[in-house]
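Consider the two complexes below, in which subunit A is the common component and subunit B and subunit C are the respective partners.
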Partner chain A sequence: MPKITIDGNELEVAEGRTILQALDDAGLLMNGIDIPHYCWHPKLPIDGSCRLCQVEVEGIPKLQIACDTPVRDGMVVHTQNERVKQAREGVMELLLVNHPLDCPICDQAGECKLQDYTYDYGVKASRTKEPRRALKKNVDLGPTIVFDQERCILCRRCVRFCREIPKTGELAIFNRGDHSVIETFPGTPLDNPYSMNVADICPVGALTTKDFRFKIRVWFLEEVPGICTGCSNGCNIHLGVANNKVYRYVPRRNDAVNDTWICDEGRMSYRRIGAPDRLRECAVRDASGRLEPVGLDRAIDAAASRLRRLIDSKGPGVIAGLASAHATNEDLFTFRRFLAALGAETHGVAVVCGEADDLLVKREKAPNAAGAREIGFRDARAVVDRIGSGGIDAVIALGHDALQEGLLSSEEALANLDTVIVLDTHASEFQRVAHVIVPVRHAAEKLGSFVNVARRVQRVVPAVESMGESYSDGEVIAKLGAALGLEGFDGSYDARQVARDLAAANPAFAGIDLDSVGDAGRPLADAAASEAER
Partner chain B sequence: MLESPYVTQYLTEHFSEADYPTLEGYERRGGYRAARKAITEMAPDEVIETVKTAGLQGRGGAGFSAGLKWSFMPKDDERPKYLVCNADESEPGSFKDRILLERGAHQMLEGILIAAWATGACATFIYIRGEYAYPAVQVERAIAEAYAKGYLGENVMGTGFRHDVQVTRGAGAYICGEETGLLESLEGKKGQPRKKPPFPAQYGAFGMPTTVNNVETFSHVPHIIGKGADWFRGFGTEKSPGTTIFGVSGHVVRPGLYELPLGTPLSEIVFEHAGGIPGGRKVKGVIPGGMSMPILPAGQLDVPMANEFLRERKTMLGTGGVMVMDETTCMVRAASVISYFFRDESCGQCTQCREGTGWMHKIIERIERGAGEEEDIDVLGDVAGKMEAKTICAFADAAAWPIQGLLRHFRDDFVEHVRQRKCPFPGSFEL
Partner chain C sequence: MVISDETRSKIEEAISKYPQKRGALLPAIHLVQADCGHVSKECAAELAEIFEILPIQVMEVVSFYNMFFDSPQAKHHVYVCTNLPCSLRGSRSLLSQLESHLGVTAPGATEDGRIFLGHEECLGACGYAPMMRVDDEYHEDLDVEKAKQILDSLGK
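Up next is the complex of A and B:
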């Protein structure tokens, strides 16, 4: 492995990498060793056109661009000397020659690399007296993105993204020289399923999403690390939070999961968190058949007494558990323990399935199907079959994914049940038949973990408080277990402790707890072994 | 139609003879003997050595050793290798390749054949600028004749060596004369220079090992192989052997082409061969090698026209396009024309070039209008400095150098514009 020296620090790097790539591999880029850059992006082909990342390499007379200069053993690089500084200032000054400098009305302000680098590496005052380019403003590129041509610095990240990642190639540079502009081809809008990523990689305010622009200034946002729950890929995200509200999801880099991307559908799924159909209070069906809002204690009491009556009359075998792939491992482990303590042997997990692609989008449209299966939940099919054959009198359902074509699509099947207890985030058809309903937290509102399709354990942390009354599924189940006097249930629920219990009980989770899993996640024991083998 | 340079040497001596452009006429004057000799009697390395010993410098502008460039072509490589003949002559002030294409297409093709043998290339793409309609016709005709005679194709001259030649027409962008911009255009893409490395010898046309040479470079090769390296070194200077075709334009009595040995003093070209300045006026400055080369003031015209001497005067031979400006010329207007050209032709990839060419032009235009300040002159020099040596290709340098040259030698012209708040040369050429 070649050794290079950057600003006096020796660094061992992989063969065949460029200076910028080597620093990125080592996690040092803009994090100890600062080489400003625009056109270079870790997940896109090298372009070498912005010329901002120039560094001095000993033995080469001209300054070299760090993004495209391969490392050689013994290479000595200077990134901070006067010559480099002047070259950077030169590029920064030239980039601003035609820039409208409209930061006060630009939605990128606060997360704009042109703004940041101008403060850090730019010249103090403008020397231009010439008129700036007058170009198109507010260009509608497609259903998701708005383009300001004047702000564009022509780094071509968006062009390369469309060509290389979704491979749709909607964007191109038209014309040349200082009349170059980015455009879509006539009749070809920017509408691929990953289109909104261009707004993330645009270093300036040229490309912004219709969804987020002008909603809030980004410096008011707290960026909370989390996981997209749209499918089983579990793309890593930052939730942009302010005023106890999630304003957006943006992809968070994780080279083992989603690189730096997220699909548009997943990105927009943040809207589910504060959706109008979120359940906000517990409810119990009264004698007249109406759902009556109640407190959690009364809901637990009602559920417990219904279950107790059935256990006493028919035994626990008539109770079935339907798990949700939207619940965390901690919720599901608690539920699984509850069903075992109860003696209810009929259980399964229902997952909604849909289209997949070969980039990020997976078939299973929930974040934790793998976790549910790992914890021991079988396919929900078995539960449905037993309900159909009349062997089940009570169902405890987490979520409503079982209400789908092929599973519990008909109300009749449920209408004949003696007891339906539902723990859910959003309203569903369960509302019509459930006897007890308890609102539970969305993944953005609680601590826990998911296992993605590649068997990687990933953590979610509370980013917002839920608007109404709500609890973790595990918390509700723990209370219900205590109300039923089940062994091992004292009514308390601590996700951290449950994760440790899971690790102790299930070898696949060995050594994984909610602290050690970190923001980047960790593979399950078997996945880690096969990864190591590779 | 151009027929022949005013002064001829080995390259152009037969150009005025009517049958010379035909294969028959070319062969009658010894044509294709050098190619036959190379392919049948010489090993490829021997050919490269001879061209290296002859010291042939590329005639497209950069003056890089042709033999050395050929030697960069990989030897143990399974991939097909290509040659590209750069006939995109787009440098303002340069018009030498045109006559070499129109009158000497077979001479060029013979040079291509020899280079192909030396480098192991199986095909040559001749990239001719779109505006060169008649030269392209002449080249196509010569190629057809060569195929018919068995000098091109599957079995060149019955030796079993295979070589194909194909013409591609450009569409008028200056940057497609830059060798990697040309390769992109050749492949049907937008003409934007590639970052290097990889160099064309590793990754050239269609990703294959490729050598790109200028029309004139190829045209010298048959003479070197036919008459020997020593003979070739009998022309020109120690470091810059051979002749070149100077294209003289501007304020001279006899603008036109002059084939002269490298090292001929610029003053001899301007005053003796081209007849000096008309109307008894004085010379003000001369651009020695096409528009991208820095200008020389009247006092420095004694310089021999070879890179080793021109570099001492902070300029270069370029393409040998000599542009003469007399005392009536406003150098700010000249700067305006030059900077407009480069602003228009920048491909726009690199920040410095895209933004710098536009900014320079806007400043110069303002100074020419009489709306400039003295500080603008400093900013102009500074912008040119920011563009130099920092981009993917040499275009930014080509745009910066002439402005730096004009500021170096004719700063007074700029200052006078600022002081008088108007152009002090009302008799200069119109913009």
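Up next is the complex of A and C:
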């Protein structure tokens, strides 16, 4: 492998990589060694159009662009000397010749590379007297994206993205030289399932999403690492949080999961967190058949006494557990332990399914189907069949996935049950039949982990606090277990401790806890072994 | 179909001359423009199909070159060279007199759509300055009267 020296640091790099790629592979780019760049993107083909990443390579008279200069053994690169700095200033001045510099009204301000590098390498005053290019502002490119032609620096990231990633190719550069602009083909708007990624990769304020633009200044946002819960791929994201509200999801780079992308549907799923149909308080069905709002203690008491009555009269075999693939491993492990302690053998996990593609979107529309199965939940169909055959009197359901997937209907199957206990984030048809309802937390509101479709354990941390009352599923189940006097339940729930218990009880989770799993996640034991084999 | 069978067979012939299909895109656009007068969005879509690329990639090329048009044009294109040798030989005054003769401002077309008048940089005929290009033909050693006559002789 070639050895190169960059700013005095010796680096061993893979053959055939360019200087920027080698630095990115080593995790040093913009993390110790700063080479400003616009057009280069780690997940897109090299373009070499912005000319900002010029560096000095010993033995080559002219400065070279780091993005497209292949490494060779013994190469000595200088990225920070006066000559390089001057070149960057020159490039910045040219890039700014036609830029409107309308930062105060630009939604990109605060996370704009043009703004950042202007602070680093910009000249103090413009030397041009000529009028700037007057182009179209506010171009409606499609259902998700608005385009400002004047702010565009023609780095072609969006053009390459559309051609290479969703392979829809809606964008292109029209005209030539000073007249170049990004356009769509007449009558073919920018409309694909990944379209909003162009706003993330746009280094300037030219492409912005209709959803997020002008909602809040980005410097007010705290970027909390998390996981998209839209499907079993578990794309890594940052939740943009301010005032206890999630304003957006943006993809967080994880080369093992989603590279730097996220689908539009997943991105927009942040709206489920603060949705008006979130459950806000516990409720118990009273004698007249109405749901009465109560505190958690009364809800637990009501659930426990209903279950105890059934256990005493018919035994625990008439109780079924329906798990949700939206619940964390810690919630599910607690639930599984609860069902085992109770002696309820009928259980399963319902997973909502839908369309998949060959990029990121997976068939199972929940983040933790693999985790639920790993923890021992079978297919929910077995539960549904037993309910249908009349062998079940009580159902404890986490979430309403079974209703959503059409496995169960509140009219037929559930209406005749003696007891329906529901722990859920959002309102559903369960409201009509449930005897006890407890609001629980969304993935953005709790600590826990999911297992994605590639058997990778990934962590979520609380980004916002729930509005109104809410608890982790595991917390409610632990309290219910204690109320029923089950062995091993004292009513307390600590996700960190449960994760350790899970790691001790299940070899697949061996060595994984909520701290060591980190922001990037870790494969399950067997997945790690097969990865190592490869 | 907007592109005629005849043009299509000429395009196929052009493609056969290149190692990669895409190499023949420029000659193909020339052929389509000669046939249809301009490269409409429909033409671009049909070309894209022939070349197995996206219509927008055809339009990228069309918009890149000044000699390709994506909208209907005047019947004849007249370009007066205004580069240095022609300018020294009076091409700028020639151009302004042709402008008033036709009643247009260059670059622009006459109202009846007969002539588009514009200026162009060096066409490599400096020895015969001033010169102008009418469609694909060079007219050299011009004076105002001669140029006016040439324009007047252009058909509708």
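In the analysis below, the second predicted complex is superposed on the first by the 530 of 534 C-alpha atoms of A that agree within 3 Å, B and C clash if a C-alpha of one lies under 4 Å from a C-alpha of the other, contacts with A are read in each partner's own complex, and residues count from 1 in each chain.
The criterion applied here is as follows: a contact is a pair of C-beta atoms (placed from the backbone, for glycine too) under 8 Å apart; a residue touches a chain by one contact, two chains touch by 3 or more.
Predicted model, so just to flag it, every value in this text is computed and none were measured.
Asker: If we overlay the two complexes on their shared chain A, which of subunit B and subunit C does A:Ser269 touch? Say first, second, both or neither.
Answerer: neither
Asker: After lining up the shared chain so the two structures overlap, which partner does A:Gln54 touch, if you call subunit B first and subunit C second: first, second, both or neither?
Answerer: In the superposition, A:Gln54 touches subunit B alone.
Asker: Return first, second, both or neither, reflecting whether A:Leu63 touches subunit B, subunit C, both chains, or no partner chain.
Answerer: first
Asker: After superposing on the shared chain, does subunit C or subunit B touch more subunit A residues?
Answerer: B
Asker: Between subunit B (first) and subunit C (second), which, if any, makes contact with A:Thr128: first, second, both or neither?
Answerer: A:Thr128 contacts subunit B only, not subunit C.
Asker: Which partner chains sit in contact with A:Leu154 here, subunit B, subunit C, both or neither? Use first/second/both/neither.
Answerer: Once the two structures are laid over each other on A, A:Leu154 reaches subunit B alone.
Asker: Mind working out whether A:Ile173 is in touch with subunit B, subunit C, both or neither, as first, second, both or neither?
Answerer: It touches subunit B and subunit C both.
Asker: Look at A:Val97 in the shared chain and tell me whether it touches subunit B only, subunit C only, both, or neither; answer first, second, both or neither.
Answerer: A:Val97: touches subunit B, not subunit C.
Asker: Between subunit B and subunit C, which residues of subunit A are contacted by each of them?
Answerer: Residues common to the subunit A contacts of subunit C and of subunit B are 173, 175-176, listed in rising order.
Asker: Which positions of subunit C touch subunit A when the two form their complex?
Answerer: 41, 44, 54-57, 59-60, 63-65
Asker: Help me check something: in the complex, which residues belonging to subunit A touch subunit C?
Answerer: 169-176, 184-188
Asker: Inside the complex, what are the residues of subunit A that reach subunit B?
Answerer: By the definition above, subunit A touches subunit B via 46, 48-52, 54, 62-63, 68, 87, 90-91, 93-95, 97-98, 127-131, 153-154, 173, 175-180.
Asker: What residues of subunit B sit close enough to touch subunit A in their complex?
Answerer: For this pair, the touching residues of subunit B are 173, 175, 190, 195, 343-352, 354-359, 362-363, 366, 376, 379, 383, 386, 389-392.
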